[in-house]
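The structures considered in this document are given below.
Same chain, two partners: chain A is paired with chain B first, then with chain C.
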Partner chain A sequence: MTVVLQQGINGIVLGSLYVLVALGLTLVYGVLVQINFAHADIVTLGAFSAYFFMHGLGGGYIPSIAVALLVGGILGWLMNAAIFAPLREKGSELLPLIATIGVSVMMENAMLAWFGPIPYAFDSPYSNHVMRLGGTFITLQNALIIAVSAATIALLYAFMKFTFLGKALRAVAQDRETAGLMGINPNQLVMLTFVIASALAGMAGAMLGPVLVLTPFAGTSVIVKAFAIVIIGGFGNVEGTILAGLVVGLIESYTTQYLGPGMIDIVVFVLLLLMLAVRPTGLIAERREENV
Partner chain B sequence: MTMRLRIRHIAAGVIVASVLVVASARAEDKTIKIGALLPISGPGSYFGAQDKQGIELALEQINKTGVNGRKLEVRYEDSGCSPLPATQAAKRLIEQYKPDVVIGEECSDATLAIMPLMEEANVPLLNAGSSSIKITEPGNPWTFRIMPNEVMQGVDIATNAYKRLNARTAVLLYENTNAGIGNAKVFNETFTKLGGKILADIGFGRDVNDFTSIATRIAGLGAVDVIPTYTLEGQGLKITQALAQAGVTKGGGGNAIQLGTIWLPFGFEQKAGKAALGYIRIVQFDPTDQRPAVRDFIAAFKAKYNQEPTHLHAHAYDQITLIADAIKRGASDPKSIRDALAATKNFSGVTGSAEFDKTNQNVKMDTVHYMETQPDLSWKALKWN
Partner chain C sequence: MLSRRAAYLCATLTIAVLPLVFPDAYWRTNLIVCALNVMLAIGLDFVLGYAGQLNLGQSAFYGLGAYASTLLIMRLGLPFWVAFAAAVAFAGLAGIVLALFAMRLRGHYLAIASLGFAVITYQILLNWISLTQGPLGIYAIPPPPTLALPGLPPIGFRNLANLFYLVAGFALLSYLLLDQLIRSPIGETLTAIREDEVSAAALGINCAAWKVFAFGVGSAVAGAAGCFYAAFVGTLVPDAFFITESFTILAMVVVGGTGTLIGPVWGAILLTVLPELLRGIGDLRLVVYGVALTLVVLFIPGGLAQAARLALARLRRAEAP
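Let's look at the complex of A and B:
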């Protein structure tokens, strides 16, 4: 029974991490109907920003999360302003998509050149604090991951539902042209989407850093799962993404326990194929225009 | 100028040009071209980065005087620790560079992929970092391996675990690659034959990031004496930390001892922290070895790079010095280098000795050094071999 409970805790931690990464992906897809392949590299850069803030500048771990959030946001703004927005203006949907692949490869290699290939030991002060209760355990870092993930979800939900900008963002997601006629500047809101999504990715990097193996390829190792979660949750559906993230995290933990870790990808991707075949709208079915 | 004089001038020009071309060709002949297939990108790229430092140091030392009037030259290609990029890199190297000998790869899957290409091109391949038995069994006339293979390592680790550590139960943790599966299999066979029991056999992909669930599963198995672990550095770090957090290993207050192989670089313990306490692993190079060759290598390495050498630096260094040794014994082209490597006797490198059997496997076991992580994260050499 303890093992079952422990694997449940492990699954929620893992799911929370996946949700942090997948939220940004789903936001961009919800508003732009565009997949951002560079998202993984923003996660990685966020992790490195937090690492160097702590180990280079002597900062604390909690402030380093804010630094990673800021770095991610600035990077999102830069990428959209310099690359994606000009390409979108050319009217092609394919060009920005391909550009995200180009940006991803460029960033990965730039990070390889700057940071080198050798894994970094990114331990937060909370990584080695283990709390034990009734035969179960959780590190303080993992508890922090759950807390930050929950707070991020709550703040994002509040932003989308109750603020003018959030409502405007949803309006752009539903119908960009009509939103424009209502006095909303769609380009500014697309920019805002990129900034929020990238800031979330940066922050996810800071949270993942102590859990992941920190190399220039760190983000790439979770992004495939994040894409799967976005699909299982329903393309661009925030609530679906949150649910799918937690489901995938729990599936991974229990698969490891009862079938072996070698079966994880098989189980997750069979689920993905089943969702595509049986329920292509995702776990929480909604009209696409209401997703974000 | 008469026609006859013009013809004489032209003829003289042709002769001078021919002499220059021949001289230039001979100068080129005096360079031994070494292709290096190393993982420079991807999760195994720490191998490539460290190998390159060892290679560059060896080249610098050897090329000061040359060997038998020849200089050594190396061209690096990124083989990515994986079969597809390794095959592409090997083809590029063979077609464009036309090497006399090739060193690499580190990862068994990549080495197995490039072996047929080297055999087809009749270029000797000298390997120092891949452990899969398939590389030298049943034997490939063009592939040589300095490091002990998975059988040599696995039998030795399992025997030492059973006899020296009195281990009776084990959990196998390994990445799902040729090397991971092969090493775990040999440990399993040897350990169970001696009377030990394998409680769980856990393979995982290289994309697994969080090992808490695996550690939880192991914690639920009861008393585990040893956990042989076969993985690259990144995942290895997370496994060690997760096992300690779950209270399984000595580093987390448990009783289990993690056992590891040559795969992990030096400095692993410092990165893993106290979780690595009691970790026993094989390294291919003992920095406390007092042989003059080892002391000189360490001094030269520190002088050049201002850092301590690791076993990866050392085995890359040995690959180049072994090739230089073959050149010294008269080898000058791919076939003669292959023959000279096969005839190697009593070569003493910084990792240990080399002498190849009929499968071109180094049979000397003094390249296997056991180390145990101490509470201050330093190493204690166990002198088990």
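Let's look at the complex of A and C:
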């Protein structure tokens, strides 16, 4: 029983980080109907910038999360300005996706050349503080991850639901042209979405750093799961993504416990393919069905 | 323009001459890698450029071909060419299975489903240790058996030049096959599906069946490349078939020009040779794939093929004012 609970906690920690990464993909898909493959490398660069902020500049761990958030936001702005904005006029569905694969390959290999293939030991100062909860343990680091992720997700949710900008964003996601007629500038909102999405990814990177093996390819393993999550949750669907992210986190920790870590991707992706076959609109039914 | 027959003759002559121009083992190895990549790229182009389906699972079919043939040879002791035929059929079947699965999906969903397929395949190769030996890899895979033609000295494939002739010959054969398919009504059918699936269906085209067909052919070609890869390298590890390999093949197709068969050939050659020429700059040379892919999509979405056409048109205009 304790093992089940313990793995449940681990799953939620992991799941909440996946949610942060997947939410970015889903937000961008919502307004642009495009996938950003380089999202993975924003996660990785977020982790590296947090690492170098701590080990190079002697900063603290919590400020380093803010640094990663900032780096992620800037990268998102660049991605949109350099790739998505120019390609939007051409109107192809697959070209932007292929271009982001190019950016991703470029960033991964640039990081490989600069940082090398040897994993970095990214230690958080909070990993050694262990708290007891009944029969289970939770490190301060994990508690921090859950708290920061939950707060971020709640803030984002409130932003989308109650602020003018958030409403404008949802309007653009529903119908860009009509939103434009209502005096909303869709291009600015797309940019804002990109910055938010990438800032979330960068921030998730800073918190994933101590969990993952930090190499230039760290983001790739996360992003393939994030893709699975957005499809399981329904592309463009925020609630579905949160739910699916937590589910995948739990699947991952229970698979590690009972089937071995090698089975994680297999279980997650078999689930993904089953979802695609049975219910391609995602866990929570979606209005958008043009791809299925 | 060269007639097709003359073009094939030219290609055959080029293949015949290349190992003589590059006598050292290093460049002959690269020639073989070029030929393998050409097969992978034209196979993917058939699916992406003609049927219009973004398949990110090409690395999986490549790996399935390599592992299937190697295991049949080493575990069951089948002769190379029997194992080759079986592995090509197996990779083709795997492509058909993925396509049946993804029949209802389009665009991004298909891209992610095929990526998921590649991830699952990679993980199975990595974790089914009793079969594939996982990350330890399979060693001492024999090259294709010596060919004894009547009246000729035996042709051994430990010789890199002979192996190049074999692989490049099959690459040329695959090209010929795909070219014939594309020039037949099947090519028109696939292009119709690419341009507009609904209109194609309205013309009485069974889109699902033709997509399955395209996936089957494209992955069978990748499977053949996989067989030769295993026999050429002599060792197999799952890492050779990680999803990044799919991205590399995609880069070759897009840089060369999707929707033309000759474009991806040049794309594959360019992106195989260029990183070798750039060895001087260390690991940074691998950035070439990403840079080339991004720049081509942004500035010449038709790839090298489009750039060549534009350059030719400009030349003609300059000649005839």
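The working rule: the second predicted complex is superposed on the first by the 283 of 292 C-alpha atoms of A that agree within 3 Å, B and C clash if a C-alpha of one lies under 4 Å from a C-alpha of the other, contacts with A are read in each partner's own complex, and residues count from 1 in each chain.
Criterion: a residue touches a chain if its C-beta (ideal position, glycine included) is under 8 Å from a C-beta of that chain, and two chains touch if they have at least 3 such contacts.
Predicted, not measured: the structure shown is a model, and the values here were computed from it.
The superposition on chain A brings chain B into a clash with chain C. Once the two complexes are laid over each other on the shared chain, residue contacts for A:Val224 go to chain B and to chain C alike. Shared-chain residue A:Pro86: touches chain C; no touch with chain B. By the document's definition of touching, neither partner reaches A:Ile74: not chain B, not chain C. Looking at the shared chain after the overlay, A:Val130 reaches chain B, while chain C stays out of its contact range.
In the superposed model, A:Leu212 lies in contact with chain B only, and not with chain C.
Applying the stated contact rule after C-alpha superposition, one finds that A:Met191 touches neither chain B nor chain C. When the two complexes are overlaid on their common chain A, residue A:Asp265 makes contact with chain B and with chain C alike. In the superposed pair of complexes, A:Ile118 makes contact with chain B only, with no contact to chain C. Judged by the touch definition given at the top, the superposed model places A:Leu156 against neither chain B nor chain C. In summary, superposing the two complexes on chain A brings one listed stretch of chain B into steric overlap with chain C, and the stretch in question is 80-88; the others among 80-88, 152-160 or 296-304 show no clashing C-alpha atoms. Common to the chain B-facing and chain C-facing surfaces of chain A are residues 112, 224, 260, 262, 265. Here chain C touches chain A in the complex through residues 54, 101-102, 104-109, 111-113, 115-117, 119-120, 123-124, 126-127, 243-244, 247-248, 250-251, 254, 282-284, 286-287, 289-298, 301, going by the rule given at the top. On chain A, the positions that touch chain C within their shared complex are 29, 33-35, 83, 86-87, 90, 92-99, 101-110, 112-113, 220, 224, 227-228, 231, 235, 260, 262-263, 265-266, 269-270, 272-273, 276-277, 280, 290-292. Within the complex formed with chain A, the residues of chain B that make contact are 40-43, 45-46, 48-50, 176, 202-205, 207-210, 212-214, 216-217, 219-220, 233-235, 237-238, 241, 245-247, 252, 265, 270-275.
Residue ranges of chain A in contact with chain B, taken from their complex: 2-3, 6-7, 10-11, 13-14, 17, 112, 116-119, 121, 123, 127-128, 130, 132, 137, 139, 142, 211-213, 215, 217, 221-222, 224, 252-253, 256-257, 260-262, 264-265.
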